[in-house]
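In what comes next, chain A is part of two complexes: it sits with chain B in the first one and with chain C in the second one.
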Partner chain A sequence: MNSYVVKSGGMHESEIFDPLKLHGSLMAACLAVRALEGEAHMVAQKITEKVMDWLETKTEVTSEDVRRVAALNLQTYQPEAAYIYETYKTML
Partner chain B sequence: MAKKIFDYDVLVIGSGAGGSIAATAIARQGKRVALIEMNALGGDSANFGDVPAGAMINIARIYSEAKGAGKFGIRSNTIGYNYPTIKAWKEKVVSKTSSGGGKRYYQSVGVTVIPGLAHFISPHEVSVNRRHISAEYILVASGAEWAMPKISGIDKVEFLTPASALELIRPPKSLFVIGGGAVGLEFARLFSAFGTKVYVGEIAPRLLPREDEEAGKLAAKILSEQYGVTSLTETRVTRVSKEAVAKRVTFLRGREEHSVKVEAILLAAGKTPRVDIGLENAGVQYSPRGIEVNEHLQTSSKHIFAAGDVLGGFGLTHVALMESRVVAHNILHKNKVSPSYHSIPRITYINPEIASVGMSEDDLIKRDLNYKKSIVPLGIIGRSIITDTHEGFVKVLADKKSGRILGATVAAPSAGEIIHELTLAIQHNLTASDVANTMHAFPSWSEAVRIACAKI
Partner chain C sequence: MISASPIFVIAFAGLLHASFQLGVALLTLLSGHSLGINRSFHKLMRLNIAYLFGATVITVLIFAALAYFALLSIGSNIQIAWLITAIINIVIGVSVIIFYYRRTKGTGLWIPDSMAQYLNKRVKKTDHTGEAFTLGAGSVLAETPFLIGPFAVAVLYTLTLEGAQLQFLSLLTYSLIALAPLVAIVSLVGGGHKISHIQKWREENKLFLQYCAGCGLVILGVFVLVDKVVGANI
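Entry: the complex of A and B
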């Protein structure tokens, strides 16, 4: 089942959740705190999978939801990157 | 500025006890109401909890009583049971409750039923199957689900919840119940009545830890003597693992590690509120314990209310029903009311039933209140001799100075009915003398209530 992501406030058209887009933004957050590329890829992969698990039962969520759940999981693996990720404004 | 147009006046998330009463009461006042339900209409209690469990527990009681009726001259040697028929009865009972034909009922009172999982996308708007629905007021009554305790290996073995345990095609040969609260004991009693060897693991020093000490001790005694249940108090389950087709449960008790091999494991160690519905997008504050509300059951977003198990309080259907009524009133009227929690009856359906209301003795000690208590064993009243039922008691706690009843526990057949006399007494600030001076029929179980109040 595809999950859709609606931008905050629901003012825009929703779009299908793109795991690659999330992976990319997580990679960027990890690299921003000087994580090695291999480690950044691995962490981003792990978090993306967790977000996809969370989305399993959901048809539509907001971009803020995706950011929040990803940041919460990132906290376990890369707390510094989680901070960068949480405070960075635009993701989707 | 023009008033914002919403799809509905009120949106109710969850058709269980916390949502259904409010939805119908508000719709009856001519408001446009939508009710969102992700599962079966009627919620957990009607479909997977109190109602089906109650049906099965009642059959277990009939079966146990019939088997033990030899002493009264009833030939009971050949009594047996047919589990598929028992399950069929349970299904029939569920179909007769609100979940059967429920949609038609809601439509008849003007409530639009929308199946699906609700997720907030903004303070006044939720998404259900990608359909955006807005409302002026929203009631969150999304309920709770059985909590997964932190036990090593729990994610690698198949386990039962109180809901899935009712779907088994036969009683397991052996069962380890994690959690010695009311629900855990009810399932221990249910399956042990049908021949299952049951172990109950409880982390507290006694079963029914939220109730008075006498209740927990009696529960352990009768479950052991009548049904062969092994009660493991002060027990922390540390690990579960697969062992061929069985499961091994490892636990710490008295600083020693023990383990038992069982066919099934039942998790009954509390519930966790369903709060993963995008509450952040609506500005609703919550914690893992549940949604935070004020005395009028309003959340941090004033147009959003919450009721029932999602508040993380008592986990009782009648409390959710009361909260739902309060929310309906507060949405419809300007003079807001608050729920009253000081006289909530609680029942554990074992044999005899154990029911309590108001404060426990532990509550009184914690609050440093001066109190008097009296305990009357069931064996002293006529009904006990007539029915050869001796296990049980009535305990009454009253304010030392005024005699006002503050709490009570009844362990007796039909304790779930008897307790309401004491609930009424607490609700209306009656004293123990008021109850003692009220005529009670002879022979009845309630005589024990009168005697306990007279002894205060």
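Entry: the complex of A and C
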């Protein structure tokens, strides 16, 4: 079943959850804290799978929800990356 | 003794300039983004140095432009210029204490959300040294409403110095101190430090930096008032 993601602020139309997009942002967070590329890829893959499992029973979630669940799981594998992933939008 | 040490006042003004965080935030973001998309070390450093160079050029230009403008326009109204400078510093100091950082998690600054989002996008699109240079210059310009206080004090004290060499020394002192945090970030990132450590330090010390900058500006304003306005009339 496809889950729809409502963008923050509710200004845009909801879109189908894109695992590649999540994988890319998680990988970027891992690389930003100087994780090795292979490790970053592996961690991003695991977290994306966990988020997809979480989405299994949901039809519509907000992008903030996805971010929160991803950050929570990332905390287990890469706490430094989780910190950057969580605070990236509040750096400015 | 007080009037014999303008270089220390200029250095203090530079220190206050250094405590403002927009430039540091953008550079941290730029470094994080460069590492996040796996740019080479060479490219990361090239962008960071271009950013630093942009901030340096615009800092020197604002300083020189203000000095030129002051030379042309102040003339016999120097007392009024000192008074306005003192008031500006006190007002900005209080504003910094009240609303420089957002009262939320992270290191969100006073800038409007739309502007923060725009800057975030600009950082992501920065791929050439020219863009990084502009971003560095823009960060100083964007923070001018706050930086105008320390800039004005440094410029006016510089004009009290006799001789081009001393005036150049004061410009150098101000710029070196004001840009020291950016140099530190470029060095730390170049030295292999993690962005998360830098960002955590910024977050943990944000209130300290905010109150230091705010109180520092108030102190600087009062000092100018006593040294150049009240003191000159005694």
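One rule holds in what follows: the second predicted complex is superposed on the first by the 88 of 92 C-alpha atoms of A that agree within 3 Å, B and C clash if a C-alpha of one lies under 4 Å from a C-alpha of the other, contacts with A are read in each partner's own complex, and residues count from 1 in each chain.
Convention: a contact is a pair of C-beta atoms (placed from the backbone, for glycine too) under 8 Å apart; a residue touches a chain by one contact, two chains touch by 3 or more.
These numbers were taken from a predicted model, which means no experiment stands behind them.
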Between chain B and chain C, positioned on chain A by superposition, is the outcome a clash or a fit?
fit
Tell me which partner A:Y83 touches in the superposition: chain B (first), chain C (second), both or neither.
second
Superposed angle chain B/chain A/chain C, CA centres, nearest 10 degrees, is 120
I'd like to know which partner A:T57 touches here: chain B for first, chain C for second, both or neither.
first
Just chain B (first), just chain C (second), both, or neither: which does A:V6 touch?
first
One more residue to check, A:R68. First (chain B), second (chain C), both or neither?
first
Going by the contact rule set out at the top, does A:A29 touch chain B (first), chain C (second), both, or neither?
second
Minimum C-alpha spacing, chains overlaid - chain B and chain C, in Å
14
Which residues would you name on chain A as touching chain B in one complex and chain C in the other?
none
Report the residues of chain A in contact with chain B in the complex, numbered from low to high.
4, 6, 8-10, 14, 54, 57-62, 64-65, 68
Can you list the chain C residues touching chain A in their complex?
22, 25-26, 28-29, 32-33, 35-38, 102, 104-109, 111, 116, 119-120, 192, 194-196, 199-200, 203
In the complex, the residues of chain A that touch chain C are 27-29, 31-34, 37, 80-81, 83-84, 87-92
Can you list the residues on chain B that touch chain A in the complex?
116-117, 119, 121-122, 125, 127-130, 132, 276, 278, 280-281
